[in-house]
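Mind looking over this structure? Questions follow.
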Amino acid sequence: MMELLAGPLAYLVFFLVIALYYALITLGLNLQWGFTGLFNVGVAGFVLVGAYASAILTTPDDPGRIGGFGLPVPVGMVGAMLSAGLFALLVGIPALRLRHDYLAITTFGIAVTLQLVALNLQVLTGGPFGMNFVPRPLYDVLGGQNGWNLAYLLFVAALVLLVWWGLARLTTSPWGRVLRAIREDEAAAAAIGKHAFRFRLEAFVLGSMVMGLAGAVYAHFIGFIAPEDFLPILTFQVWAMLIVGGAGDHRGAIAGAVLVWAIWTGSGMLLDLFVPPEGKAQAAALQVAGIGVALCLVLLFRPTGLLGRRD
Amino acid sequence: MILQQLADGLVLGSIIALGAIGLTLTYAILRFANFAHGEFLTFGAYLALLALGQFQALSTTTFGPLSFGWPLLASLAVAILATGGLALLLDRLLFAKLGRAGVAIAVVMGSFGAALALRNLLFFAFGGEPQYYSRAIQIALPLLPRSVLGGVRVTPDQLAVLGITVLLVIAMHLFLSRATLGRAMRAVAHNPQLATVTGIDVAAVVRWTWIIGAGLAAVAGVFAGLTVQIRPTMGLDLLLPLFAAVILGGIGSPLGAVLGGLIVGVAESLAVPLVGAEYRAAVAFLLLILILLVRPTGLFGERG
Amino acid sequence: MSLLKVDQLVAGYEPGLPIVRGASIRVAPGEIVAVLGPNGAGKSTLIKAIAGLVRVESGEVRFRGQDLRRLPAHRLVRAGLAFVPQTENVFANLTIQENLELAGFFLGRRRCQERVRAMFELFPDLARQRALAAGRLSGGQRQMLAVARALLVEPGMIMLDEPSAGLSPRLVAEVFAKLAEVRAEGTTILMVEQNVKAALALADRAYVLTEGRERLSGSAAELRSHGDLASLFLGGAGR
């Protein structure tokens, strides 16, 4: 059994865990954009906050920085959600009362700012070298690397199902119907005024909390985080996933995440095979540019997504 | 020290101001936040670098103490035209089509995608290493002696950037208040349908808005390259200060954008001794949040 | 010979959902023609479709024999057909003088200045406040500025969308008196109105629109004494 988990299968497990990490983020963004029409350009920032919050709470004490507090991983995950939600409030309160593109600008701003903080506030974040020894719960009990990866995959899959179930219930509830009404019709939204602001804020905070949770999931899987894990490209990947999957559809969001991540890693592997090492950075840039163009093409020709709703 | 920071802030502020004029015009007239505007700066800076290589074959003289001469000015002209062309092309291929679909946010997202593609294409073409228009070391001239609040020293290039910015801002102001096209741009920003009824070809005004906005962005990019360095991410790094300047000044107000740009530039520069140079971009973000909380229409804005 | 000839016009904001459903009207040179009708009858859509601001699906619109459907909307005013929208009909961020100068930008500088002066003579109230931003004008003054903006280019015809909307009875009388003066100078007027009484007092002829089609037409005097007028309005409004 354990031997089977080595090699390609081990890679598949690793791939799926990361894909489901993206799926979680995409589900959070789907609540914001797909259901409420909120344009969050700072996805990477909220994931970053979640990852760092959980890492600070759960890592063993480090004399070089504040914390870690050595708390249990579930506490870290709750902390991740709360802190991502807190930052969502920080930008949501000033921006959500205004026209929708203000949110785009402020979320862009907070992602830039959080990236700076992660990079420079060494006493809290470890700076450019990031944070090591983020606990991987039950690592030894579950037989180390491969067995643990498989167990973590099951855990993340369960988490995705749970979040999906919860969001599906929420979005079909009366609360979700109000969100749709707000999304479809700015005028109707204006008519309910302050009310619309509250619904928007709730959806925005909730979506950001899911992103924070995803950040924690990532941190405890890799066991090491650094600012470069949460660059603007992450925001872009998640947007590509949501658009490919079709905004407003939970299943599409998950499928889009897995599909885009497969294309992303696949094209990355091809680059590794065919591009000499000295051209790697430039080839990677070309890959990103390609995804940028692809997103524009989908927006132009398949605005409801490649896998999305048929309605 | 404080005067020196003020002077540095004004130089940075004038670069932000030039970029922000274009951003506020396209924001008001095309009605969307263009996340690719930062890449217009980068594109202009690199295009001028390319053109400079050609023009320097003809002449390498420089103006007195400045690091540059006619070749860079000619390159600047090329960069303005090329960046205007790029903006028109993007509008034609992407923004106009997405705008017609009626979902305002689709255009914003399209600009996000275009920004990513452009930035990475520039990285692909030019590599990630910083580049410079001139390797010559500039000697900073003392404007005020050390005895006066620490004194002020500026390089001739910085003075040139300030001077040209002042000229461009005055020219823009006259253009918008006097010229028919300038007034037509204000009219379209206010109410495109009424502008049509008045006989204004809105599509033509939109094209000119792209050309002028992108052209000014190219100037800002070249100035940033001249006073700092040329990198593929230079426009991305300036995007947040640009948006902060636009919102601070009030969307659609070019003079507001100039003032906003100067405020952001000076604030970033003054904050350096307090929080360290690495957090300067966060200053723009704090200003942005502050203005949204206190006065979301900006200092000169008419609309929310 | 009609100045404006609209035949079987079908127009609306969304394809397949026409609001104007086969309307036909005529306006002869020198006339004041009013288009009346209950709310939602398609009056505003009709006039905006003529002005090229609403998608026309089928039908014919000719002004001085020229096919307006082939003309981009911004070219209409140069062809001699000026339009005054109902609301938002001045550039609030420009001064009165700038509003007028912008309206005449295609006349050439000298001619434009002459016309601005002529408008200031016709509207002395505006002349006194020429450097004021139009956004700071009162409703009645805005309406005057909007009419002045349209007249500046010496159009053969002006179209007004509910010139009385939002004005007090005294201001309505003032605006309509100005329109009578304008007609006396030889400008043809087509207007959409809710205010039936004021419109029929000014107009020579009128059309009554219901459900996107003209149901009744005649001279203003005929319509004033027409018994069915009220029931058409009530019937239309009740739907």
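We call the chains A, B and C, going by the order they appear; numbering starts again at 1 in every chain.
Everything that follows uses one rule, which is that contacts are C-beta pairs under 8 Å (C-beta built on N, C-alpha and C of every residue); 3 or more make two chains touch, one makes a residue touch a chain.
Note that the structure is a prediction, hence the values are computed from the model and not measured.
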### Summary
Relative to chain A, largest Cα-centroid distance belongs to chain C
### Task
Report which of A-B and B-C is connected by more C-beta pairs in contact.
A-B
#### Entry: Middle chain, criterion being Cα centroid separation
B
## Note on the structure
For the pair chain A and chain C, the C-alpha centroid-to-centroid distance in angstrom is 55
### Query
What is the distance in Å between the mean C-alpha positions of chain A and chain B?
32
## Note on the structure
In whole angstrom, the CA-centroid distance of chain B from chain C equals 43
## Note on the structure
Per the touch rule above, chain C residues touching chain B in the complex are 51-53, 72-78, 82-83, 85, 88-94, 98, 101-103, 105-106, 135, 149, 153
### Message
For the complex, give me every residue of chain A touching chain B.
### Response
37, 39, 41, 90-91, 93-95, 97-102, 104-106, 108-110, 112-113, 116-117, 119-120, 232-233, 236, 239, 243, 281-282, 285-286, 288-293, 295-296, 299-300, 303
#### Entry: Complex contact set, residues of chain B against chain C
180, 183-184, 186-187, 189-191, 193-202, 302
### Message
For the complex, give me every residue of chain B touching chain A.
### Response
32-33, 35, 94, 97-98, 101, 103-106, 108-110, 112-121, 123-124, 127-128, 236, 239-240, 243-244, 247, 276, 278-279, 281-282, 284-285, 288-289, 292-293, 296, 304
